[in-house]
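Down below are the structures I want you to see.
Heads up, the next two complexes both have subunit A, just with different partners, subunit B and then subunit C.
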Partner chain A sequence: MVFSAKTSGSDEWKAILSAISTLVEEATFEATAEGISFRGMDPSHVALIDISWPNSAFEKYECDGDIKFGVRIDEFSKLIKRSDKTEAIEISLSDNMLLISIGKNKQYKMRLIESSATDTPLPKIPYDTRISLATGLFDKILGDVQVVSDYLTIKTNATKSEFSGKGDSGEVLISLQKQQDELSEISVKEESIGTYSLEYLNPIVKAVGTASGSIVCEYSSAKPLRIEFKVANMGRIHFYLAPRVES
Partner chain B sequence: MGLDLKGLLTKEKTRLEAFSSKVIAVDAYNTIYQFLAIIRGPDGTSLSDSHGRITSHLSGLFYRNINFLSLGIKPVYVFDGKSPSLKSAEIARRKQIKKDATVKYERAVAERNLEDMRKFAQQTTSMQDGMVDDAKHLLGLFGIPYIQAPSEGEATAAHLTKTGLAYAAASQDYDSLLFGTKRLVRNFTNSGRRKIPNRNTYIEIEPEIIDTQKMLDDLGITKEQLVDIGILIGTDFNPDGFDRIGPKTALKMIKEHGKLEEVPQIQEELVQINYNEIRNIFLNPNVADVSEIKFDAVNYSEIVRYLSEERSFSKERLESSLSRLHKSTERRSHSLEQWFA
Partner chain C sequence: MSPNAQDIRKSIEQNWKEYLSRYGNLFSSDSISGSSPPSVFVGSYGYPKVGVGPMVPPIHGDTSLLDLPEKWSGKTLEDIVNFRLKLVRGVQNVSVAHPQGRYIESLQELAMSSNTPDSDIVFEKHTSPITTIDGESAPFGPIGEVKTAKFSGMSTNQTIEKTYYDKDLKAEDAVVSLYESGIEISKIQKCFSIGMFGKERKLVPTRWSITATDDIISKSLVAEILDYQTIDSYQVFTHEHLGNIFSVFLFPHRWIFEMEEAWYTEKGEIGFGADAEDANGIDHYPSIAGAYFAAKLGVAEHLKRKQRQAGVLVLREIRPEYAVPVGVWQVREAIRAAMSKIPVLAETIDDGLSLACKHMSISKSEWLTKGTTLKMLKQKSIADYF
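The block that comes next holds the complex of A and B.
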């Protein structure tokens, strides 16, 4: 069995591992000829991450079978963090160990864990609303809402999106129009309103952060939200979040 | 005592959070009994109210259910009904243990031996009149449903998983596996350190789940054969089991010969027990016919009133725990499960 995957820098791994670490402590990656993928949910099954990292995004990629390998995310992260931004990372497998080569002359071996992966399905939802905006802007909105609320409500019609929150101390409303520096895309089948926990949204947006220039949010009223982070040289991260229980 | 299936089981460690938004059929007697045994002072005395009535079970149920509901878990408590007559030997055996423990407890009191007092007081634990009604009353105030089983509670709990009304049965005993539960959860509580009874050591307790079909596949046996293995080891209906047969030997015998009647070396013992009746108890159990499980809103003010005014709980502590529950139910998100089609 041959498997090795090389990226020209370390940002991709850093973004992916910090995204996964917001939900789980242990992760099972799957490698096939097509590329590397990961799918997992937090223990409460409120949020799900689905990562697809195609072979074309790697500097060099080789895999001649279907391989699963389990890692402890905090340990893997620690090792990847020992790399500079521009240092190439190459991973391969040998004897129940993950070999991680960093730059020209550093190699770690990390013990794999038994992968307990069960097949996680994806939520099946027709999305009524789709908006696109800069990741930095979305991060700022979450920060603005969090000072008064634990959750974010998004209401979208054909021309604008309203981001709001409500807490014991007060309320906030942020309104974005369809224009280049606000919402670069709005497509609405039906006016939609959904409420989602910042406890999950904040960490994932912070984690993927600067690695992703823009995001696409898709949702329907009282149904899960799907955020697509586009990461350069990597493919995509889908983040699914169940709506908050309305009291 | 319960069935000793240890060693044959594939358990998976899990976390309480994984049961969020799932209905879990909880073995009510097993749970209440544990509270009565464990929630005691250092000298073994139970919690009690101003009338001297024991309240350990209410305290346990109060905190445990706040925990469940905070995580979005939906417990449904299943109470035992009338035991099958075959259980009388086991019941008599348990009574004798309590009787012996009472004597030892009194001796420990006379000797002022605190450790023994606690140890033997625990062994005298028994359900008293009114406790079941107390428990049902408190569950009702929490909006938590309970089901009165016609016979063994674990049989009805298992049945709920078969009809899809519950995701798993929760009990410390393994009997519900023989009753055919789809999944069994043990240590259905928060992870943490627990003291081992009667010893001064602690172990890490964490929830574990057993998938019955997976277990049968791993062992390479049918559910009927699992019942036969149970009978060899000893069930509540033949507590002594067979002479010098443990889980490993029992498995080997049944796998080799198929069923009890075909195992040559046990035939002499086999004729002395009513094994067909025991099989029937497990395979065609008498269960409650439930078509719907409904959860109601928590009656916060009445919980505080009942437990503080009638059962001498501290009002302040009740209120702070309940406000924690209120907050977490307000903040909760749905589980994605309902959108997996």
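The block that comes next holds the complex of A and C.
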């Protein structure tokens, strides 16, 4: 079986691994002729990450079968962090080890762990609302809400999105419209309002951070939120987060 | 009418005085001879240099009951305190970092013996008839500084011995594997505290080792439970002993666990403590301390047996009759007793909560406002939308 995947820099791996590390300690990647993918939920099944990394995003990609390999994320991360931004990374498999070549002359071997067999489905939900904004702006909003609340409420109608939070000490409201430096896209089938935990949102946005210039948020009232992080040269990271609802 | 705290304390004191006069020679002597249950104790005072030694009653024969909480169900508070006060605790100051030398090795052998070995302890001077009650560990009687300690006729538990000689086995894995082979938790905990497990061995004060053992075992049980299906009914389990009322409410949900405790202060006011976790585990040392892990263990054992997972709310009301705290084991054993009963079924989560609070003097709304279960239930699961 042939498998090797080479990227021209290390940013993609760093972004992916830090995104996954916010949810799980162990991850099973799947490699096919089409590319590398990962899908997994956090232990409490509140959030799900779905990563699709197409072969076209690699400098060189070879895979002639369907391969699964399991890694401990903290160990893998530690090795990848030994690379400079511009150093090429090439991974391949041999004898239950993951070979990681960094730059011209560094090669690590990392022991693989038993890969989990479970196939996680994706939530099936129609999204009534779709907005797009800069990742940095979204990160700032989360910080603004965090100072008064543990939860972010997003309310969107045809013309604006309101990000709000309420806590024991007070409330916050941030209102954005479709214009430069605010929302680059706003598309609403029905006014939508959803509440999501910052305990999950903050780490993932920080983790992917600067690797992704902008995000697309899609959701419906009291339904999961899906955030798409667009990472240059990589394809996409989808982050799904179940809502908090008053019942 | 049930006796109040004062009556119970008075009667315990009375017993203690009678016991002292009966065994008066014990305290005018600088030695003790008896059969150790077997029992070892590691103090926490002065850490990292702590008092370590055997516990021995002035009784020969099968004394195992004196230090085996797993067998104490149905006993009264007085019975239990009397068991414990019979145990004379020998100490030598030892640094926790290096559990070596003849003294420690003989204690390790004692801890893993499956019988009640004859023990002869000579003290530096007369033992002092004081008692120690810290709430986590069971109480015990007089203390004396050990000059020499001799144990004879020890019969070693082979399973524990194998673990003891495996220096590549992590302490956590040793605890879990002994638990799975059916060794009592109180025994595993003693071996753990006297530095018998792990790659880098050290002594662990008894009160910390109780919490650590419950924590390690319950964590391993919960990791297995997470793969099981959720229960499909609302179940309420209850148990009452030693002036403590327990309710365990199981409801259909991925593993979340909360334990709340309420007690009456000297002024007659009600004090509350609560801690909770989801499948990511608890991220802080619980405010209700060792009781949290002991209860979690009792519930997790049940779910593992049933091969199901559930949302869990444990309520513990501590009545004023609980005059002397006898140790965290009583929480573990009460929860085990509760879970071994047939649960009362409820139709809805609200009915279940009402049933769980029914026998308590604290109202449902008080429990719910002090806890976080309702708040946790607002968080939906992504799997609800598959």
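The rule we apply is simple: the second predicted complex is superposed on the first by the 244 of 247 C-alpha atoms of A that agree within 3 Å, B and C clash if a C-alpha of one lies under 4 Å from a C-alpha of the other, contacts with A are read in each partner's own complex, and residues count from 1 in each chain.
Just so it is clear, a contact is a pair of C-beta atoms (placed from the backbone, for glycine too) under 8 Å apart; a residue touches a chain by one contact, two chains touch by 3 or more.
Predicted, not measured: the structure shown is a model, and the values here were computed from it.
Model built by superposing both complexes on subunit A: subunit B and subunit C clash.
Touch criterion not met for A:K104: it reaches neither subunit B nor subunit C. When both complexes are overlaid on chain A, the residue A:A47 reaches subunit B and subunit C alike. By the touch criterion defined above, A:K85 reaches neither subunit B nor subunit C. When the shared chain is aligned, subunit B and subunit C each come close enough to touch A:P224. Contact with both subunit B and subunit C is seen for A:S197 once the two complexes are overlaid on the shared chain.
Within the superposed three-chain model, A:Y240 lies in touch with subunit B and with subunit C [touch as defined at top]. When both complexes are aligned on chain A by C-alpha atoms, subunit A residues 41, 43-48, 121-125, 197, 223-224, 240-245, 247 touch subunit B in the first and subunit C in the second. Looking at the complex, you find that subunit C touches subunit A at residues 226, 254-256, 278-281, 377-386.
Residues 41, 43-48, 116, 121-125, 150-151, 196-197, 199-200, 223-224, 240-245, 247 of subunit A are the ones that touch subunit B when the two sit in their complex. Considering their complex, residues 12, 15, 17-18, 20-21, 71-72, 329-337, 339-341 of subunit B touch subunit A. The touching residues of subunit A, counted against subunit C in their complex, run 41-48, 121-125, 197, 223-224, 240-247.
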